[in-house]
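What follows is chain A paired twice: with chain B in the first complex and chain C in the second.
== the complex of A and B ==
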């Protein structure tokens, strides 16, 4: 079982990569989800301009492969005089991508709240904003949460793309080790297992969340 | 880069001939992008059929094996699969070209997703259909071929089309192992001409157009199937 010794030797080197991958995922979700909610709110706006801007951002964010979005920002921003680290670029690209998908889930959640709730809030003397925040949003969020949690898992998998612009995340670390040891199969198998286990853990949490959120429905 | 003080427009906007130039370069990748997508959908679709059949099996061990395969494939990011296959397999003396590795990788991934899509298609067929076929004296295979599959396919088609579009976008990853598809050429022109914005915006536009084409085709097929089977 010589490969096990290799794996034990490599794990400490992969560790920092895992930390960066998780950090990247966390930041993409931290910025992406609120951005998605904003896009969803804009899509429902009375102003046609806002609706169009939201539509464009969402369609580009969802229609382009995440890899192309990443390259687009990475290769074009410096030409426009915006110099960012590759990590920041990756966070922006993944947030955009996640935000575009999230906005669709938020919209689905918002449209699932019966109209009467909004009318009731207005008649009860809530302003439009307060009614939205205290009456509509909590109900919409409960509906949107399971698909959003599923999206979070995909964002984690997508974080592997940041490898192509040299963010030192898990995939980059794996590539680094493999190009020094030439043990490609072994290194990438270990990497696949690490990704797989973390994703599995995420998925188990999502399932738990779904069960908890639907407790009152049984 | 324009010299400081000159009044020309910023270099990242690009001129008309340059746009045409880049477009011609980037569009050279359309062929392989479509080829990878179609081939992976085809092979993944066939393997997925067997997986879906296995998931319906009477043997618990087979059902467990299929479930394990589908889960293992899905929890590993596509780019890791590609690297594992392209860089890892040659150690078993199984040397694949970049294109072959991409097709094998995406077929493996597609098979797991297609199996899930077929499964949900099969679930939508009422048990009565199977019972009716049985009552008419049809064997298991005949029933599967003539009664279940046509109905399940119609139900699964929109999901298959959505997945095909996802696969089209995922195929951009093949550029990371050097397949000459759209993203690869966009990267080339971005580096050679210093036109990152234009190159990748054009590449992105191509992906969106191809996605729309897939969506329209699947809509057509769906409408035709509906007319043929005479259901709403």
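== the complex of A and C ==
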């Protein structure tokens, strides 16, 4: 069982990588999901300009592979005089990507709430905003939660791409170890287990949240 | 609960009544509602009957601006909105929706909130009532609609008739000056509908001003003071319930009543 000894020896090196991966994912979701909700709201706006802006951002974010987006931002921003760390660049690229997909899930959730709910909110005296916040949004979020959780997992796994622009996340740490030890299969097996465990743990938490959000449906 | 808003036969014209004049609505050149006039005293109950597509629901929904009328004036409980104006200002609209309570055919309770929260949330957000006060009001309303034990349930656990009674309680919680009912029993089987009609009957007896779009002819005749018959986007006739039911003046009304009552 010599590989176990190796794994135990490597874990302290992978640890900081896991922290960076989680941090990157967390920030991409923290900015990406609200951004997606904003894009969804803009897509339903009465103003054509807002609808068009939303359409463009969403189509670019969904149309380009995250890796291409990452490279484009990483190499174009400095030319435009914007100097950002690779971590910040990765956060922007992944937030954009996540926000573009999330906006579609939010839109699906919002349009699945029956029209009568909006009318009941208005006739209950709520302003449009209060009605949206307290009546429409909670129902839409319940509908959007499962696909958004799936998206969160994809964003976490996509965070491995940030390796190409030198963000010191889990994947880059694994690469570092393997290029020193030449034990590629062993290192990446361990890496796979770490990614898998975190994903599985996260999905288990989401399951709990879903139950909580659906308790009114009995 | 100050729901007793005066006796039904009050001779004094009170600000709480409803006054609709020359109300009309068109989509481009398509006129769906034209020249609807209605004057209701506080405490009066008026049923609106008529064939499908007559504009009954559209008229009712214009009164709280769920549909935007294109001409005419609406005065309810001190709120006055002119459709001739470009767009009513937010304050008048808010006021209009506060003084009108609405009950829908499909109940439209908020499914993610408990029965108690359904009734307290509007009070808390619109009237700025305290939690205790709102719950006190809600509890007494639940008692009035006969469901005091359902406070903690979610709507999905209730029958259609129970949901509709809760919806009535929710609408009453803002102490509206008029209650609008849009076919409140049409989604319910006839037997379950009776429990909703009983609550509405009590409400009428207590002096609530009510405007009811309905296909329940017994309710229209027995409970309402007057019946307004609509057809083809306009008013065919309005008169005391007994008279409209037994001796309608319009041929179309006769035809409609015959079709409904001969079933």
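The criterion applied here is as follows: the second predicted complex is superposed on the first by the 213 of 218 C-alpha atoms of A that agree within 3 Å, B and C clash if a C-alpha of one lies under 4 Å from a C-alpha of the other, contacts with A are read in each partner's own complex, and residues count from 1 in each chain.
Everything that follows uses one rule, which is that contacts are C-beta pairs under 8 Å (C-beta built on N, C-alpha and C of every residue); 3 or more make two chains touch, one makes a residue touch a chain.
The structure displayed is predicted, hence computed values, not measured ones.
Visitor: By the touch definition at the top of the document, which applies to A:138: first (chain B), second (chain C), both, or neither?
Guide: Second partner only, chain C.
Visitor: By the touch definition at the top of the document, which applies to A:60: first (chain B), second (chain C), both, or neither?
Guide: Touch status of A:60: first partner only.
Visitor: In the superposed arrangement, which partner chain does A:130 touch: chain B (first), chain C (second), both, or neither?
Guide: A:130 sits against chain C, while chain B stays out of touch.
Visitor: Tell me which partner A:16 touches in the superposition: chain B (first), chain C (second), both or neither.
Guide: Neither chain B nor chain C is touched by A:16.
Visitor: Considering only touches as defined above, state whether A:161 meets chain B (first), chain C (second), both or neither.
Guide: A:161 sits against chain B, while chain C stays out of touch.
Visitor: Just to be sure I read the superposition right, which of the two partners does A:175 touch: chain B = first, chain C = second, or both, or neither?
Guide: So A:175 only meets chain B here.
Visitor: Which chain makes contact with more of the residues of chain A, chain B or else chain C?
Guide: Comparing touch counts on chain A for chain B and chain C gives B.
Visitor: Considering each complex separately, which residues of chain A are in contact with chain B in the first and with chain C in the second?
Guide: none
Visitor: Can you list the chain C residues touching chain A in their complex?
Guide: My answer: residues 64, 66, 94, 97-98, 100-102, 104, 106, 108-114, 121-122, 125-126, 154-157, 170-171, 174.
Visitor: Quick one: in the complex, what on chain A touches chain C?
Guide: Counting only chain A, the residues touching chain C are 114, 116-117, 119-127, 130, 134-135, 138-139, 142, 215-218.
Visitor: Write out the stretch or stretches of chain B touching chain A in their complex.
Guide: 10-12, 71-72, 75-81, 83-84, 87-92, 169-173, 175-176, 183, 186-187, 190-191, 194, 196-197, 199-201, 203-204, 207-208, 211
Visitor: State the interface residues of chain A toward chain B in the complex, per the touch definition above.
Guide: Residue positions touching the partner: 59-60, 63-69, 71-72, 74-76, 78-80, 157-158, 160-161, 163-164, 171, 174-175, 178, 183-186, 188-189, 191-192, 195-196, 199-200, 203.
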